[in-house]
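To start, I am sharing the structure in question, which I have written as structure tokens.
Chain IDs A, B and C follow the sequence of writing; residue 1 opens each chain.
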Amino acid sequence: MQSTKQYTLAELTDGLEIDIKGDPHCLISGVSTIQSAQPGHITFLTNAHYRKHLPETKASAVILSTNEASDCRVNAIISRNPYFIYAKIAERFSTVQTTQPGIHTSSVIGDNADIHPTASVAAHCVVGANVRIGAGVVIGPGCYIGDDVTIDNNTILDARVTIYSRVTIGKRVRLASGVVIGCDGFGFANQHGQWHKVPQLGSVEIADDVDIGANTTIDRGAIENTVIEAGVKLDNLIQVGHNVKIGAHTIIAGCVAIAGSATIGKGCMIGGTTAIAGHVSIADNVICTGMTSVTKSITESGMYSSGIVGAVPNIEFRKNNARFYRLDSLMKRVKQLEQAIIKIIPVSADKLQSDE
Amino acid sequence: MQSTKQYTLAELTDGLEIDIKGDPHCLISGVSTIQSAQPGHITFLTNAHYRKHLPETKASAVILSTNEASDCRVNAIISRNPYFIYAKIAERFSTVQTTQPGIHTSSVIGDNADIHPTASVAAHCVVGANVRIGAGVVIGPGCYIGDDVTIDNNTILDARVTIYSRVTIGKRVRLASGVVIGCDGFGFANQHGQWHKVPQLGSVEIADDVDIGANTTIDRGAIENTVIEAGVKLDNLIQVGHNVKIGAHTIIAGCVAIAGSATIGKGCMIGGTTAIAGHVSIADNVICTGMTSVTKSITESGMYSSGIVGAVPNIEFRKNNARFYRLDSLMKRVKQLEQAIIKIIPVSADKLQSDE
Amino acid sequence: MQSTKQYTLAELTDGLEIDIKGDPHCLISGVSTIQSAQPGHITFLTNAHYRKHLPETKASAVILSTNEASDCRVNAIISRNPYFIYAKIAERFSTVQTTQPGIHTSSVIGDNADIHPTASVAAHCVVGANVRIGAGVVIGPGCYIGDDVTIDNNTILDARVTIYSRVTIGKRVRLASGVVIGCDGFGFANQHGQWHKVPQLGSVEIADDVDIGANTTIDRGAIENTVIEAGVKLDNLIQVGHNVKIGAHTIIAGCVAIAGSATIGKGCMIGGTTAIAGHVSIADNVICTGMTSVTKSITESGMYSSGIVGAVPNIEFRKNNARFYRLDSLMKRVKQLEQAIIKIIPVSADKLQSDE
């Protein structure tokens, strides 16, 4: 990404915990990937997958860790956390969209709404009664904000976000387009074969510094609130059921389904398409790899996974499926073999241990 | 949830099939969970997971079944269906949003639209030509309703719902924000390596008392209509393909994917993240647990599941995966053992049965 | 689907590569499914599942392949690609919505937007600065188009589509309601237990003839662009992570999750609910059946699958799960049996091969 801005390496890294190996006066005019970088670009190396591109990169500087630095033939920015350093440097090349404070004339504002003069409400929004919008908040075009919602300072709603009534949102929260927060939880009681709605009386609390990705949905609690603690990062198309609690600084990748009343600890990392059953608890600092199915509580930190993953040729897959369904028969055959062998060589019987 | 309303137990349960064990004049001012309840609250017990909280609950009353009642030290509301009774009682503490009838001046209404005077169309809606909106219907802010759509009495669309042309929606239907109904089904014909759109000529019929969750999508039929029968309850982020039929009073949890032309019977319960293949049929009263993959028709009622579920430590998972892919070799080894044994002790050969 | 239009078989098939077996003057007034067709309807047979309906169909004509034609008792339209022929014929019965060119007065248009006079912008849209909208483009109600977006000729956005800034969209693209293109990719760097946003400096390029289904989300690139090549077809509720590249004429069914930096080749077919891990590459012409988990790169064309699929009665499923977790013990028992046998009949030891 070429930019019109230009900095020396020293300027770019001012205040960051890094060592420069090379020329701190080198001019940098953009960021790039290690394989596509051109002279004047800065890039980074954090994934071993891309290490092969380091010796030939045309970048003017590479951000990397000490143990990668020896293979770096250009200026090296050495850090214990190269990706974080990259994030901070990339901010310098990012175009910040400036938004005019004030309320667009096409937007419809409810009674007693308290919108800070430094906040911005774009076109075609509908803001309910008794809403409080703090300083520096940016509400994108076409958002709907229900009655009695509170949005704290410097939070940003992109276009077409929906916030149902009584939701509270903290500071510096970012909500991408299509996000829906506070819709009714999925509660129905069956009586005589028909489903009757269970009123969803709680709401949703989103703490400070939360990011929520496009078209993600967060249900309001049945009785108490659904709670997303500070610093949580949610990707796109995630479903968060009613009464769920997600602990501070947990990060959850795309298309994860979290059923009602599940509790996820602090500092967890949940891989994409993971499914978490209702009412389970996940301890702090748990990592679930992608596609994990959490059907019972996880009480200790660590890395968890499930299922049989990995794509194989369909013909292998069909055989595997068939074998899997013959496991019971296989186990019986082994048992019979053991019984037959014991008759011949009783001396070795102690070696034939069964777990059945 | 504390409320400004207050009722005696007798008032709250008037007309419901319950027995009160305790004081029918006890005043109740809110509902709560069994573990968080305070004096003045009513709560319920339906999930064995929460039974441990019953002896110490501070609630003034608990709704529960006969066989839980003996452990209840406070007023007990005894029912064969405690969750349904809770639903009815919670309604009394629910704040019903009152909506003004009429069409907001910012909304754009097409030719020949027939909107009942008791219906409400909020701000920034676009309603197409020849739309019929019945008595008591509530259309939330920012909805789009295509041409020739019919919405029957007392149906509620939350903010930012999209209904494509010619869709019909029954009475007392509730559609959450971000729902899209009647988008084109996924039909493409390949000719010489390129995909050509197959016109999607059908539409969608939603019967009475259907609930649809946030950001769920329902495709219009290719030729005939996609049909959602009466009383169906769909959670958030569900995909319903073209030509699908979902039978009456079936309930489907979040993130389920239903491929085109699948038929689901009446009274089914489909767990979250289940995937249903195209063209399969599922009988009435089938239960699929969460994460089931339905690849063939299910012809009898009952509970179905699939795969290997449950999160295990990643190191175990890696071993399991490895073992799974050695199953074929294991089966061959057992067969060779059987053949070797038979040579030694032919008398026991009949006991060594093979399924291969 | 009955229509007010009527054509002879000869008119309907003019210019298409087919043979008519029967009466080319037969009048056709609508399309239908093979099982519901009435006289005057044309239908098609492409799925063996529906072959049983051919002998009794009441249709006036059936589009089918040569080897099905002998069972057809009505007029037959014989083609090597019956579904493509059906698509072309169905277009004749499709109602094309005519849209008035011009910008609805309620829409808000940014500075320097260049909107072609033949394009249409419906009500309640917000179009950013420096946007270029080509000839014949249709922007549905309630869309948001960010600054510096380019939309090429004859592209159609249905209602409530969101396009973030700097995205480029080709010709004849169709975007269904709720689509979000160009939202920030999911990039966060952890420093001292907290997640810091990594600026997402790239954008999204959508080439010509791409279709994208309802509520699908496509993230903008971290540095370079996320790229969707020509003729790609995406179904509903798909997540496309940042930096992903999808090759020309690839088709992807609903609810697929594609993690960041994955590359999918040309001409692939990806079944519904498939999950594709980050940074993997998939070769051209790969087919993944539904529910595949692609965790490593696929380097050769072919059909791939994974996991254990297929719903079985829950009681069987529980046994299978239990057996699976005893595989390790089973393998050890077989090894011990082999060692015991070898002591008795060393001559056959060469037949007892181990893969351990």
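In the analysis below, contacts are C-beta pairs under 8 Å (C-beta built on N, C-alpha and C of every residue); 3 or more make two chains touch, one makes a residue touch a chain.
This is a predicted model, so every value here is computed, not measured.
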*asked:* What rotation angle takes the CA atoms of subunit A onto those of subunit B? Round to the nearest 5 degrees.
replied: 120
*Determine whether subunit A and subunit C, two copies of the same sequence, contact each other through the same residue numbers or different ones, counting it as same when over half of the numbers at the interface appear on both sides.*
different
*Would you mind pulling out the distance in Å between where the CA atoms of subunit A average out and where those of subunit C do?*
24
*Among the residues of subunit A, pick out those that touch two or more other chains and give their numbers.*
106, 124, 142, 160, 178, 215, 237, 255, 307-310, 312, 320, 324, 327, 330, 334, 337, 341, 344
*What residues of subunit C sit close enough to touch subunit A in their complex?*
106, 108, 124, 126, 142, 144, 146-147, 160, 162, 164-165, 178, 180, 183-184, 186-191, 193-199, 201-202, 215, 217, 219, 223-224, 237, 239, 241, 255, 257, 259, 275, 277, 279, 287-289, 292-296, 298, 302-310, 312, 319-320, 323-324, 326-327, 329-330, 332-334, 336-337, 339-341, 343-344
_Residue numbers on subunit C that touch subunit B, as the complex places them_ = 1, 31-33, 36, 47, 49, 81, 83-84, 86-88, 90-91, 93-94, 97, 104, 106, 122-124, 140-142, 158-160, 174, 176-178, 209, 211, 213-215, 231, 233, 235-237, 249, 251, 253-255, 267, 272-273, 290-291, 307-315, 317-318, 320-321, 324-325, 327-328, 330-331, 334, 337-338, 341, 344-345, 348, 351-355
